[in-house]
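Structures follow.
Next come two complexes, and both contain chain A; in the first it sits with chain B, in the second with chain C.
For the complex of A and B:
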């Protein structure tokens, strides 16, 4: 019996011993993680956090022809408004038509909480089905149904025969876990339990051997490429291009994938992750239940990372020499293009802040471009990233600050004041802290532009060159705006409020 | 292929004797050679006391408060005759949400697959009978208990609670939930007590599994922190509990109950209170106490 036999995915504190509080240095982290004694710390002061809903809905809202039905209080899922931009642009990039995300809420009120929300959920599902006639309806449970004990599983199961849409159920109770990355497991869990059935087929009267051979041949050269919601279509195309040049067909899964085609994920020779922390739950499931092997190493951001990623795939298919030729060809062109930027970047300091894998992979790329890394913030940590920290350790000339934090801007502000980097890369809304300090910033991901693979490396270099050539805008902002922290805070230890997770400041 | 674990939920109005009954049932089953786990689902966390010489064990939820994740092994304790004891625990009176606590504790054990690992024959959930919210119905839901037994005396309050419980069972019966095995009639001594219960079970389409008389032996053993099976194994009361255990061990078919509606229940109670009035007025022979 695997995890998917249960109603909910287990939280990452239990499954992966993940951690969201640590303050120290790269060497400190590598030492602690390496000997297996990486316990989660606690913060005695916390400024904001991340709810599971946000990354969960980012994946779900992307599903084409889907209605997202939030079962909970009306405010949960409000992040859908900001995610809508991505849904529109991402949908346009893939289909040529612009469509909004469709999200509804059962908006449980006081009476519903007292008498149970199941009846309302039932009515909401029927109404959504009649109004939108979508292919799927994804029921996402927030905190409230989890507390009052709504049996959402039964409601969904009993009502499915009455509605045309396929129901998907995702449990996203924010109070259950502090490790927000559990959201990925929750979404995969819901998808795995609802949309992997093969479409109904008329069994053929005569067995067609040739057709079977053809299907087996195709299957043997098809790979599942697991994308993430922070990747844009451009990044997907870059990876698809590289895989195609190994003569492989690509199933992209799950973001922006049509649910009715998700069953194809069971018919591939190999699953490839682009972000290990995102995918391990589902990759293991595919391996255990459908015998599909997987590669879960390296996020293909950065030159060496992309090389290593491609090499692993090539090796699996016995095409190492083809892989090497591709890598050499790409790298030759890339190195030529990067020459004019490398000299400019040399010695400039940079601070990176993002979800763990993206932060680490991007940091490695920046190092390849000639930057000097002075600090990394990862939004959480689990064991898959240990190898990335080791990579950085092996190439860094000096130790640098590492902070594991589910945002916690006050720690960031303190670190930035002390480290004074020339450049900061972070999530677009997280960049407000460094901009107000006058530090040049660039978004660390944006689905409209490229970051991944060889093209991504070049595009990023070009954008950073432009940014650093004229960082006047942020400098001006810093003259007229202030951050809300007291001056005394900047003199304190940035990890003052982390208990148990620190090594040395 | 793992053997089928029989999972039973025992519900009953607060104070009616369900923890006493459950602990003695567990003890009797274990003496019959079965591997038993008793899972207390009352926030008072005192279900398994008499299997542990009167001591309280750390609860699942207390442990969860201290650490971010709980290893189920850390909250399973061995009691009398090797019975595995677990207390879900819950919030202090007046705060929090006990129902959510039950959900969390039960899910934790399911996900860590402890029942299979310990090779159990029986898991017995001892649950607060006033099923006041979704969380307390978790043991009844599909995938947890298969059979529910309710402990009730002939006092109307406990009969009302049993009737309410039947409504909950009926609701989940259509979606694979546990079905009703019957009523364990507790504190039944003589006279009308038995008839009241018998009448109730016939109206609600269920059965009495065992009549358990009120007995000073039980109180004496509990004061020592032990079950009757442990401290007074040769007593009459111990024989009653052993008989109950045998019946439950052999029990296979549970049913959907037919709870009485509000008016029906009122009329039923009114009918019986007339009879009780006759008794109090001396129209019935003295000595037939309820």
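For the complex of A and C:
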């Protein structure tokens, strides 16, 4: 029995032993992770972060011709207002027309909490189906139905025959997991159970052997490229360009993929992940159920990482020589373009904070650009990233701070005061701490700009140059605003409030 | 209650309370809820509050107990005790406010008891039950302000002549909250009043603590802030009046009159209004030619929250001389409130009464418009909805595009504008709104 046979995806704490509390150094973490003795702890002081619903909705809201129906209190899902900007621009980049995401909320109130929300959900599904006539309706559950015990599975299963749209169910009860990367599993779980059916076959009177040969040939050279919601169209095009140059056709999945075309993911020669934090759950499913092998190893951010990512694909298809020629050619052009920036970046210190793989891959790129890495904060830790820590360890001249934290800006503020980096790269809504300290900042993902592949490396270099050339915005703000911490906090151990977890400082 | 709300244009009560606290000076919110609530609200502000997120302690810096499955089984109060103790140790603030989310309220954590223990130790700390299922963010503002007035504002303060409190503008839900409150402060200053606005750069916690010394509370909303004003009346013996958000000369004049009346001010209000109106129209004088030449008078659709739907409709009708045809309220309102609010729009000098609908599904505006202006094929003399203008949130861009009209976002979500000190209240606010409307109308010029 595979995971997809269960009602919902297991949380990553149990599936992958993922953790969110560590404070120490790169070497310290490598030692612990290497011997498999990472224990997760708690914090006796914590700050708000996000839950799995946010990254979950970032994927779901992008699906064309889908209505997202949030089953929860009215505030669950307001992140969609921010994600809508991506839906608009991402939709435009892919289809040439601008459309707002469409999400609804059952807005559970006090009466619903007492009497249950199932009936309301049922009515909402029926009305949404009649009014919007969308191809799919994705029901996303928040904390409230999880606590009051709504049997959402049954509602969805029972009502499906009355509904024209295909119903997808995604569990996002935020209290159930501390690891919001569980979101990716939850979404894949929902998609995998609902929308991978082949389109109805047109009966053909005569067996068309040629057509079958053609199809097999095409599928034999098609790869599934797994995108992530933090990746823009520019990044997709860069990876598509590289894969095309290996003479491969690319099927992009799942962000912005039309539900009626999702079945195609079952017919490819290979699945390629762009972020090992993101896809293992579904890649394993495709391998087990549809015999599609996969590569989940590198994130193609940074020159060496992109080389390695491309090399693995080339090797799979026995095209090592072509792959090497492409890499050499790409690298030669890129090196030339980067020359003027490298000199400028040399020796400048940088601190990186984001989702684990993104943070580590970006740190490697920054090292390649000539920066000196003084600290990394990863929003969680699991085994997939061990290899990335090793990569960094092998190229770093000195040890540096590593902090595993589901944001926790207070630890960050304390570290930044001590390390005083020249530059900080942080998550969406995660750059205000260094900004108020007058440190030059840059957002570590934004779907409107490029980060991935060779082109992404160059574009990022240009943007960092821009930030460092004139950091006046942050410098000025820092003179007149203050972070909300007591002065005494900066004198403390940054990991003081991690209890029972791993602290090496 | 509808079975669902389309793209809700508000957060939950926790979100409203948090946004309110983030806008107060030196205030540290403490969330007792699941870990994602803070982020969800930060993303909500990011996507709809005119590019404004957080404040002194906001966004992803707000302390939060981040309760999980274990706390739900065993109760979350131990975690809360620990969280408050350590918050006070690290976070530098003059006021700490514990607000609760769905999870901790459903499991029934005794937050009040926990907080009063810290208060008895001399900590300025307040608690408010703001579980998201209680209502939307506008209601969250009322809940948290009421609790602050109850638990933090000094009791028995001596009334200070000419001091008034302002309520009814909800931070982040109204992207223009700072500019709007400043506009109201300046407006009331014309009457020699000192307005306590709580949320502007000029306000301090001391002013908030002394809110009990005001003679009057002015609620500049037909809905939001009324419950908080009632709390001030109950706890601090301050009467209150309500008024439509004063956008432009007519509404500003009306507010000046009613405040002067309520305080029995011995002052020539009409002379002040006359002088301000003269100044206002002096600004419009050089606009006359272009306003006429470009035929800038429009039919209007307004899709907005109560504050903006009422105030903008009245401004367009009473001051600018446009014709509002359809007004859609996106708040969830009971019958009694619907009637009261409808009256605010019916009471017009020119006798123009727009079609008023109460519907949380804003995409339905097109259907309502089609009812007013049925499609008539290629009839040469078809009555078409032109020249038109759409005022609402950034989600009404779709409607504007469908009917080929210019558009301005004022009501949440305001995704496509940067807002800092801009405001639409007072006489000057009317000029600013005129600028923004007409600029949108001539953007392609």
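In this section, the second predicted complex is superposed on the first by the 503 of 505 C-alpha atoms of A that agree within 3 Å, B and C clash if a C-alpha of one lies under 4 Å from a C-alpha of the other, contacts with A are read in each partner's own complex, and residues count from 1 in each chain.
Going forward, a contact is a pair of C-beta atoms (placed from the backbone, for glycine too) under 8 Å apart; a residue touches a chain by one contact, two chains touch by 3 or more.
Bear in mind the structure is a predicted one, so any value in this text is a computation, not a measurement.
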item: Touching partner for A:178 - first (chain B), second (chain C), both, neither; value: both
item: Chain B versus chain C as contact partner of A:269, first or second or both or neither; value: neither
item: Chain B versus chain C as contact partner of A:93, first or second or both or neither; value: neither
item: Touched partner set for A:334, first chain B, second chain C, both or neither; value: neither
item: First, second, both or neither for A:40, with chain B first and chain C second; value: first
item: First (chain B), second (chain C), both or neither touched by A:49; value: second
item: First (chain B), second (chain C), both or neither touched by A:147; value: both
item: Chain C-contacting residues of chain A that also contact chain B; value: 147-148, 178
item: Residues of chain A that touch chain B when the two form their complex; value: 1, 3, 6-8, 10-11, 13-14, 17, 40, 116, 146-151, 153-154, 157-158, 178
item: Sites on chain B touched by chain A in the complex; value: 68-70, 97, 99-100, 103, 107, 110-111, 113, 133-138, 141-142, 172, 174-175
item: Complex interface listing, chain C residues touching chain A; value: 1-8, 10-15, 28, 31, 34-44, 46-48, 53-54, 56-57, 59-69, 72, 82-83, 86-87, 89-93, 101-103, 106-107, 131-137, 332, 361, 395, 398, 413, 415
item: Residue ranges of chain A touching chain C (in the complex, touch as defined); value: 44-54, 69, 72-85, 99-113, 120, 123-124, 127-128, 131, 142-144, 147-148, 174-178, 180, 406-407, 409-410, 428-430, 432-433, 481-487, 489, 497
